[in-house]
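Below, subunit A partners subunit B and then partners subunit C, in two separate complexes.
Let's look at the complex of A and B:
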């Protein structure tokens, strides 16, 4: 089965036009033209005439769920979601940041998306090993079947083979590259805190300057704030201008969470976030 | 005076400069190239397009310590941090980035209030400009040609370099460069053919097209003033913006900083750290009021500062068209498309 990006784009345009035309939604979060074909942008269509600017190609990685919390509560929004993005929406619904009835999910079944910087296919690295959206109202194309499924945790093999010291050295080296532009937290659909802990001054949790200890404070805290919530879209790592492989830590924590609580983030609206929910049969493994 | 050496002798040139002082040059890192202080002469690598972080960090580092103190002790015991600079050689700077230093000079010394840290670093540094390789196509994000900067513009460099295959030609531009070159023994004199190639290359640099052409700074400033209150326009422009700091941190002409007191155990340092107008807390006042709470207000500030206020106040655009903000933007927001959108084909002609 081959993905037709053109066909998805046409269906996206048709549905966006219909939803805006019938006033079912006030905005459609989709993908639009950038300064060239390899660089599309997140795009907001507000009128049926805006729809012509919508595009979809293999570089449209952006997780549009990230923009949902920007609009006032109650805004009717249609949002284009790939597999990981739909999990972000579910997670946001679980966390009561958005309401299911305010959203129209335009599901995009797709694989073979590429990183615009490196042109490598991102399926194995991020997107949680899924090709079909977990939740959608309208599916823009046929469900993907028969495509080899890669476990989202396969890429952890090399990382997990490192011992404690090696892992610390690995992260120290990576975090020393950090310039504290905060693109990771800003690209993340789950990082909606206002203000973020690192921007707080009373109390002050971490330094603003890009030094080892401050960088460690920022990233480790962010990793743990996303425990059981990260839906593995990989946007943080792609947004990073200095290519810190943040997804490795997020995956590691997600794997631990899944093993302990038997629940992956953003898979069902009925779930509660693993770390918010207490169950009598919860794992006590971490105490042993 | 045109001198030459070969690319494979680059480590020798680097070593000679390291003997005389500090060498800051591009080196290859995981995500791309960056200017770093060189510790091993073999690290210097000139086969690059441009660096991720602009060379402004050579004069205006992301973190600059001012005062060290101990908590609980008297302020009289606090000690200012002295800059003990050795002669510094900033090697391999692209012409658009060299131009950015002149724009930054306006703020750090030109207004009469001189920033001693910037000034001392500028004085200690000899700049080796380096022409773009005109055999390769310009990066899709760049537009320095629009802003009147040639791909091989020696203006602002002390020594200017052009690479021709394996040969690296070096031309002295300023007395500072001449003094340095006189102390270097091994670059040899270039031949008459090479002198001609060098001069032709510099002339050709002005015809090397990046994305756009024709700019009327006055018209741009005026158009941005007229749409300042058009929140629909700015909302649309900033729909994709994540409000992160990538664009400002990689920019060669962004100069905003924050002064912070940072304490680790009882050791305190008062330092300046790069800040970004795209951050929510950039304009947060002590009262809790924030005049720029919306993403569009912040993006408007960034664009208008460079393409409107700066023109009105200092007569020049505060942008050199290096394309870094566009290239590293996580959502591909392109500053020149915004300018283009704002002035709607009144003055520009697409190539």
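Let's look at the complex of A and C:
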């Protein structure tokens, strides 16, 4: 079965028009035209007449859950979500940043999304092994079945085979490339702190200029802040202008959290984020 | 000259710090490489403290808290246990020797255990040698 992106686009337009027309929502977050086919942009439709600008193709991999926290509480928002994006929405609901009743989730079951830079298919890296949204109100199209589900952690194999010296050398090389543009922070649906710890001056946690020690501090702390919350959308690594494979570290931490606390991020509204929760019988072994 | 490591100790006020006091008043001998910072609870410890300590030249970091279930604030160390477990993993994944960071539960009556842990940890850090991976070079 081939997913038709054109069909999804049509359905997205119809639903957006209906929701805006019936005043069920005040804005629709979807994708719009960019400067060319390969670079669609996030698009906010506010009137039924805006809807015609919505597009959907295989390069629409931005995580629109990023924009939910920008609107004042109580704004009725319809948002187009793919598999990983719906996990981001669930995680934001868990963290009480958005309310379920304010949202209309337009689920997009999809596979075959492509990276606009490399044109490779990114499903294994970014969908967390999922093709269908975890949570949705309206599903645009039929659920995807029968695709080989990759484990989200398969891509870690090469990294896991490194010993600690090789790992340190690997990350030092990668972090030294960092130009501190903070695109990873801007693209991440879970990075909503204001101010970010790295922007604080009292205390000053790390240097803000792109030097290796400041970069290390920024990235390690960011990995820590996203532990148990990262929903594996891979936006940080795609947003990165110098191609640091941040998703590897995030996945590694997510895997460790899943093993230790038995809970993957953003899978159920009922859960609490792993690090603001505890069990009395958590094992001390993890600290050894 | 033999290598004398710098070790940062972060101790909870109610258990480990009091335990350290007890070790002192009972005149137990332990290495002087540990510099203790007192915090009110092990869950007060921001993971950035630990990253920052390594950057500023600590060779090891030892965190002490109450035994799970005995926290002065009931649940503080239960949160800390999860958080510090993640910190440990992150240090390990980034390539730092995992032996440089240690979490121990030491109660106020365990002066002996405090002295033992510090002795053992100092020996371990001496074996690992100076920490240069995270340290900011001057």
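Everything below uses one rule, namely that the second predicted complex is superposed on the first by the 287 of 288 C-alpha atoms of A that agree within 3 Å, B and C clash if a C-alpha of one lies under 4 Å from a C-alpha of the other, contacts with A are read in each partner's own complex, and residues count from 1 in each chain.
The definition used in the following text is that a residue touches a chain if its C-beta (ideal position, glycine included) is under 8 Å from a C-beta of that chain, and two chains touch if they have at least 3 such contacts.
As the structure is a computational prediction, the values presented were derived from the model and not from experiment.
*Asks:* Quick one: is A:35 in contact with subunit B, with subunit C, with both, or with neither? Answer first, second, both or neither.
*Replies:* first
*Asks:* Look at A:272 in the shared chain and tell me whether it touches subunit B only, subunit C only, both, or neither; answer first, second, both or neither.
*Replies:* The answer is neither, since A:272 touches no partner chain.
*Asks:* Counting only touches as set out at the top, which of subunit B and subunit C does A:97 meet: first, second, both, neither?
*Replies:* neither
*Asks:* Is A:114 contacted by the first partner subunit B, the second partner subunit C, both or neither?
*Replies:* neither
*Asks:* For A:164, select first, second, both or neither according to whether it touches subunit B, subunit C, the two together, or no partner.
*Replies:* In the superposition, A:164 contacts subunit C only.
*Asks:* Would you sort A:18 into first (subunit B), second (subunit C), both or neither based on which partner it touches?
*Replies:* neither
*Asks:* Just to be sure I read the superposition right, which of the two partners does A:256 touch: subunit B = first, subunit C = second, or both, or neither?
*Replies:* second
*Asks:* Go through the superposed model and pick first if A:76 touches only subunit B, second if only subunit C, both, or neither.
*Replies:* neither
*Asks:* I'd like to know which partner A:220 touches here: subunit B for first, subunit C for second, both or neither.
*Replies:* So A:220 only meets subunit C here.
*Asks:* Touching subunit B in one complex and subunit C in the other: list those residues of subunit A.
*Replies:* Common to the two interfaces on subunit A: residues 213.
*Asks:* Mind listing the subunit B positions that touch subunit A in their complex?
*Replies:* Going through subunit B, the ones touching subunit A are 29-31, 52-53, 62-63, 140-141, 236, 239-240, 242-246, 249-250, 258, 260, 262, 264, 271, 273, 276, 279-281, 295, 326, 328, 330-334, 336-337.
*Asks:* Applying the document's contact rule, which stretches of subunit A touch subunit C when the two form their complex?
*Replies:* Per the stated touch rule, the residues are 164-172, 197, 205-206, 213, 216-217, 220-221, 223-224, 227-228, 249, 252-253, 256-257, 260-261, 274-280, 282, 284, 286-287.
*Asks:* What residues of subunit C sit close enough to touch subunit A in their complex?
*Replies:* 47-48, 51-52, 55, 68-69, 75, 78-79, 81-90, 92-98, 102-103, 105, 133-134, 136
*Asks:* What residues of subunit A sit close enough to touch subunit B in their complex?
*Replies:* Result: residues 32, 34-36, 39-44, 62, 66-67, 70, 116, 177, 179-183, 185-187, 194-195, 199, 207-211, 213-214, 235, 238-243 of subunit A touch subunit B.
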